[in-house]
Amino acid sequence: QFVARPVGVCSMMKLPVQTSPEGLDAAFVGVPLDTGTSNRPGARFGPRQIRAESCMVRTYNPSTGAAPFHSLMVADIGDVNVNLYNLQESCRQIREAYQKIVAAGCIPLTLGGDHTITYPILQAVAEKHGPVGLVHVDAHTDTGDTALGEKIYHGTPFRRCVEEGLLDCKRVVQIGIRGSSYTPDPYKYCRDQGFRVVLAEDCWLKSLVPLMGEVRKQMGDKPIYISFDIDGLDPAYAPGTGTPEIAGLTPAQALEIIRGCKGLNIVGGDLVEVAPIYDASGNTALMGANLLFEMLCALPRVKTI
Amino acid sequence: QFVARPVGVCSMMKLPVQTSPEGLDAAFVGVPLDTGTSNRPGARFGPRQIRAESCMVRTYNPSTGAAPFHSLMVADIGDVNVNLYNLQESCRQIREAYQKIVAAGCIPLTLGGDHTITYPILQAVAEKHGPVGLVHVDAHTDTGDTALGEKIYHGTPFRRCVEEGLLDCKRVVQIGIRGSSYTPDPYKYCRDQGFRVVLAEDCWLKSLVPLMGEVRKQMGDKPIYISFDIDGLDPAYAPGTGTPEIAGLTPAQALEIIRGCKGLNIVGGDLVEVAPIYDASGNTALMGANLLFEMLCALPRVKTI
Amino acid sequence: QFVARPVGVCSMMKLPVQTSPEGLDAAFVGVPLDTGTSNRPGARFGPRQIRAESCMVRTYNPSTGAAPFHSLMVADIGDVNVNLYNLQESCRQIREAYQKIVAAGCIPLTLGGDHTITYPILQAVAEKHGPVGLVHVDAHTDTGDTALGEKIYHGTPFRRCVEEGLLDCKRVVQIGIRGSSYTPDPYKYCRDQGFRVVLAEDCWLKSLVPLMGEVRKQMGDKPIYISFDIDGLDPAYAPGTGTPEIAGLTPAQALEIIRGCKGLNIVGGDLVEVAPIYDASGNTALMGANLLFEMLCALPRVKTI
Amino acid sequence: QFVARPVGVCSMMKLPVQTSPEGLDAAFVGVPLDTGTSNRPGARFGPRQIRAESCMVRTYNPSTGAAPFHSLMVADIGDVNVNLYNLQESCRQIREAYQKIVAAGCIPLTLGGDHTITYPILQAVAEKHGPVGLVHVDAHTDTGDTALGEKIYHGTPFRRCVEEGLLDCKRVVQIGIRGSSYTPDPYKYCRDQGFRVVLAEDCWLKSLVPLMGEVRKQMGDKPIYISFDIDGLDPAYAPGTGTPEIAGLTPAQALEIIRGCKGLNIVGGDLVEVAPIYDASGNTALMGANLLFEMLCALPRVKTI
Amino acid sequence: QFVARPVGVCSMMKLPVQTSPEGLDAAFVGVPLDTGTSNRPGARFGPRQIRAESCMVRTYNPSTGAAPFHSLMVADIGDVNVNLYNLQESCRQIREAYQKIVAAGCIPLTLGGDHTITYPILQAVAEKHGPVGLVHVDAHTDTGDTALGEKIYHGTPFRRCVEEGLLDCKRVVQIGIRGSSYTPDPYKYCRDQGFRVVLAEDCWLKSLVPLMGEVRKQMGDKPIYISFDIDGLDPAYAPGTGTPEIAGLTPAQALEIIRGCKGLNIVGGDLVEVAPIYDASGNTALMGANLLFEMLCALPRVKTI
Amino acid sequence: QFVARPVGVCSMMKLPVQTSPEGLDAAFVGVPLDTGTSNRPGARFGPRQIRAESCMVRTYNPSTGAAPFHSLMVADIGDVNVNLYNLQESCRQIREAYQKIVAAGCIPLTLGGDHTITYPILQAVAEKHGPVGLVHVDAHTDTGDTALGEKIYHGTPFRRCVEEGLLDCKRVVQIGIRGSSYTPDPYKYCRDQGFRVVLAEDCWLKSLVPLMGEVRKQMGDKPIYISFDIDGLDPAYAPGTGTPEIAGLTPAQALEIIRGCKGLNIVGGDLVEVAPIYDASGNTALMGANLLFEMLCALPRVKTI
């Protein structure tokens, strides 16, 4: 209120920028990688634009009563450096960066970047916390095996995580799944692992509050991670993304999902696949900024006033 | 039907343009001011673009049966001149212009402009009609006290109106309110004044027809004013605006609200915060043009056929 | 999965391109005409952009189980040549091209182009199949008589079809109709013919599954045609179109309508009025590509797996 | 200076709007037709956008000293109605409208619209003034015979004019011509008529002041018409047009051409092919507005101060 | 080279961010104010976007040999806070902020913001250095007296500076001036003060190296300030600005001007009027970033290698 | 002339599409790879958009008299498949595809894609023809050694080519080079190899016809390759590219360069770095289409008429 919105070198929510996670309870961190994208690139500029549009986000959450900055030490710790020309190497860089973050006891809230990045993030997170539960919002299950002969791209992170034992498969829910497919039963792999797959069409015209009650039971007390692919939303609300699918979730449902995670033992979260150039208004990035703020508000130990 | 849509120097709905409100029952009037905006500017071009896109709006309203041009003398009386470099002075210019409009017995329907303008408009309206009831659609309550040390900007008009006694506070409803806040209880001021605050989240997945039944009772027979900030709508439907908030109202709800005002003693209305450059499609302005037409259709003495 | 999405001279869904409909059960065909548009032009580039964005559409439909390419021979047979400077002549060209397509026993699925084109298409279709039932999704009834003194433009195709006996009028349903009008009862003509007119406002917040049950009964076993004007959808989901109207259908409803036609004797379909330049994201065309795929999946003899 | 730039129902240069040319020395008039376009449509919105951007144009021309409003009675007389669905009929409408304008002794300065419109305008102009000289700036000669079997579209106006004797062929110069062609010698027709064809490549890196000295001699004292296709300019300066060609003229050259016509007996002028949707900045329309102002300044009887 | 371009919280050229000018030889500083704009707003986001696009700018200048970071201590010191609702107050804030910067012996290189800001900047600069010479690149002289009744807006800064004795008027050159005007001799005021006014038309097709030789003589050894309004350039090169004028300078000329200041006693510089929303490509901001880097390279004490 | 411009599944210049190069003298081929980009991605859609905009390019070149389709068998042979997730593997795929093309005696004219692709293309070309001369138009020398630790990306192709002996280094010219740099003498490597480096600043305001006379002498009779990075042009003419630099070449100069290669033993050419999403007008792709057509016209054995 005392500084004009356009003012300032733009960090997430104008938080202080520091390079180390030491001393932080939670941190916003960017991963500007998009070379795992199968269709439209541009998510490398997601972190930059989410930070820019986050000047609209204020410090309290009157819907939930959360006052995150009264409760936690939070900063923007900048971006992980990535190797734009080598996905494997980028994954290594990301994993190592997140090992340091989680080692410091800091909960990472990630500004993506394409969904490939969740794989190395979860390597670091599971190394610390053991296999985690997963609340995964997406149009796609991202459990492909390979594409163009490669194991690593934005369509495979969760299969890689399963293979490496990073997920507690009975505590995985995927919400918003939809779209045409390369096989007649594209959800078989997920269900075989024990994932709960909630199709977008089962969400149409519904509040997701009841679903989230079930999800909270499914997740229990053990660590969980929230991975939110902006394409889980209908493209009307988030046109700036690389692999949009029609007939998706609404912003209200997105809020119900994240707010519905309150009380869970959240150890990290990400918001991925914002490709700003496909949305000149900036509103897709604004959506991302708000959803990341809501994740912050849902973290353990955030007090409500 | 006899003139092609792209033809003509574009006034609102291709109505005749006149400079005086004399002899008119209602008039469309533009206020191309946007220097009260806290984030993205551009609403100064709202009137121009709303007029341009209004070439899609026809003369009858088959949903309500309204035939406004059979009932009322209506024209486009152009724009109020504003002082882009001095908000206080602009407010004076607006107030004086509206004093003339209401003095002529003409109901003003305003093409904004940012929400600052509603303050001087209501000064003129209340001078004529006494304190008015208010149907206010917005993501924000716009009842801040100051920002950057200033009393006048687009976040404070309704507090200024309260302070000057322009509102009949028991007959104020604010619909679509949402978003993060600078204080834990951002609606306290409004409720302390007696306003009814209807949060967007209480509107999700609902028809607002029942709400509007209650609103009509609240408003009674006395004069009311409709102030519609386009950011009350979800940004999917109105991306071209300066301070968007996620998870807002739908166009259907917007129509239910305005149509639900039929029968009330409407003495003026405005549609504000259309910043066209943030929506290259023109559709935000088209939304504004339609909502202004719906306000016209809801005016007293408009017959239905 | 073995070819990267951006790769290839872009045909619909990367199907083989052939110039003749011979041997095909169904074909995608473009009609790049937009000179029948009353407001914003640009639908001439609809076919090109729908093909481009169709690289996101895969071969199976997990929602319905449809495996169209296991069941039918399908190709992209390119575009009908049109005379951009002479609407009458274009209509003749389109009619003759479709006479050949239907003569070959091939079901045409058309990438428009503005809605004018449905008139000559139905001339060819009805010549082969007799008067057809019609599932028409649109904001507009498109049953005007003339505009600017002309009988043929995108506001009149279905009146021309009625006059020529191409429609089985008791088996016509129009869904999504809305907007202001030039007359107090703009649906009179339709109802006088026996059409069922389903207003958008009667669809708000509803599943259309029940409606489609009724529509299936209305349509019976006889041939039907699906004509889907993208402006039937709310502009939030399809901003790239020429004559948008606020408060329209949702993508979920669009899917319910097309999937609800499964079991009917569909002899053709079109998706019209995509004007890509008004949607820089490409998402309106992506919507069109998906809806055309859904039409393909709903065709008779498409097996489910 | 006393009214803010965004203020006002936008006429050309905020001039008064009147429907009749009576009493005017010169008038701006719009012809919002684009159905003669071979590639990208959108010039139907040229007049609207040129008017909007003309709010930047002021009343004096310090480069030439012209003070047009001290010398001439000028107004914006709105748009000619056109039949968007019938090019022949539109041509008739335009011709008749311009017959009235020239009959009133008013010099028309036209906001196009695609280049088709110059044909009926010159029918009216030549009916009054006899065959006219022509200063034609364009990437294309627009002297094709037919396209898609049609005689009338934006590639043929000047052949039609030749055939009807509307041009004084020894007094025709075409400047800025370039681009690939359908025949090895695409300028033969023009040269056979006696036109001077000045290729863009002969203008590269040159002032056109010497050329215009020659042109003034070629034109002599008899009536001339200026037809300026915005695609004569390089697309860098005018991206918003339908059939751009690389390596065109510069704005400085455009000014040299129009200013170089000062002293000639100009009886009309047009600025065509501004298709605003292809230039979101509005700058192509701004270019058009400035060039039309320069034409006004170059008219006979405009005094310099 | 070791950090990917999209990586990092974006400061100018990825320089370290510090809040104090202490210890710096030069600093980049943003002034995100645009409420002095007469036409299109948006320059408030100039600093943000210039920083973002500056990721393309590297550390050496091979054209001039300058190695600024070998010679000077340079940082990005963030933005001056501004009062978006009160121009006078903003001017005070800017003046006070620059008083601190110049007091620290730090040369400010400003990312604007509209041209209003140069007035309070020069108040601070002249307070320290006495009346300064001025190299002013612009389409406009910005020496108006008032507009809309106000003394302060982006059309008047240099008249205010003259009135307060901030400029050494014999050492002022304005380059790139052009456009229509409100009076027949719009440059009279400037010439009366002793300014050299170099019209854009006198620059067409010319190298400005000779001009800059003369300018260096004019400026001598005493302090000078460089004020570069991006609209001095032709809109083809800088479409993202608020009051564009056709037929302006080229980027080569811009470089010749700034490089031509090498050797002068530059005590500050600014790059103003980048309104990014009018250029979705980001290239106007990239231009701004490069020109600011060139100003840095031209500073006294920058060594060449 | 007999098919409307928007009609057809879009191949380059509407040429027939075939998958094999057999029997062709020359072929257009796309390489939709952009994962070698250091800044803005999007060139993966270059081939698609260049094909789309090539509908404006006709069959004759009146400037040079070239009639390529009278002289050569030419087709569009579609795109090389690429591995978007693995640059090394993509390079292998490209090399192998081009080995087949050149083995068939077909001259490849490539639609890029980022500049990385020229490396594997030249591997195939030099394998057939021996070390080639190179006419390289670019803002950048693209002779870096590594970036982010990688040898292969769009900044290194020509160093890799040198190392593998693919270039005849005395017959290499680089034109349009400019911009800031990471080292004080960024052209040293090139000059050490014997390349001629022609800086953009040495081209300002000049015809390049004399330069090309010298280049033709430098190249002699032996095979040469043309590699045209669209960022060699000033961003005004080609905004849609990933790493723009200010103050570049003009389209006229681009034409002079390519036309100046006529008579040389051209064995291949490419046009790279068109990233269409950064230019909503499509004009950057149109530029690319025209320059590729000019390369075709300059090929050996193309007759002039």
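Chains here go by letter, A, B, C, D, E and F, matching the order in which they are written, and residues are numbered from 1 within each.
Methods note: a contact is a pair of C-beta atoms (placed from the backbone, for glycine too) under 8 Å apart; a residue touches a chain by one contact, two chains touch by 3 or more.
Predicted model, so just to flag it, every value in this text is computed and none were measured.
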item: Selected pair, out of B-C, B-D or B-E, that shares over half of its residue contact pairs with A-C; value: B-C
item: Classification of the chain B:chain D interface as same or different, half of numbers criterion; value: same
item: Centre-to-centre distance between chain E and chain D (centres being mean Cα positions), rounded to whole Å; value: 37
item: Separation of mean Cα positions, chain D and chain C [Å, integer]; value: 39
item: Two or more partner chains touched - positions in chain C; value: 2, 4, 6, 38, 40, 44-45, 82-84, 147-148, 205, 234, 236, 277-278, 280
item: Arrangement of touching chains [line / ring / star / complete / other]; value: other
item: In contact (per the touch rule at the top): chain pairs; value: A-B, A-C, A-E, A-F, B-C, B-D, B-E, C-D, C-F, D-E, D-F, E-F
item: Residues on chain E engaged by chain B in the complex (per definition of touch); value: 34-38, 40-42, 44-45, 83-87, 89, 147-150, 152-153, 277-278
item: Contact footprint of chain B on chain A as seen in their complex; value: 1-2, 4-6, 55-63, 65, 67, 205-207, 234, 236-237, 250-252, 254-255, 280-283, 286-287, 290, 293, 305
item: Residues of chain D that touch chain F when the two form their complex; value: 38-40, 144, 147-148, 178-187, 199, 201, 204-205, 234-236, 239-240, 243-248, 278-280
item: Of chain A, residues touching chain E in the complex; value: 2-4, 6-11, 17, 30, 32, 44-45, 47-48, 51-52, 76, 78-84, 277, 280
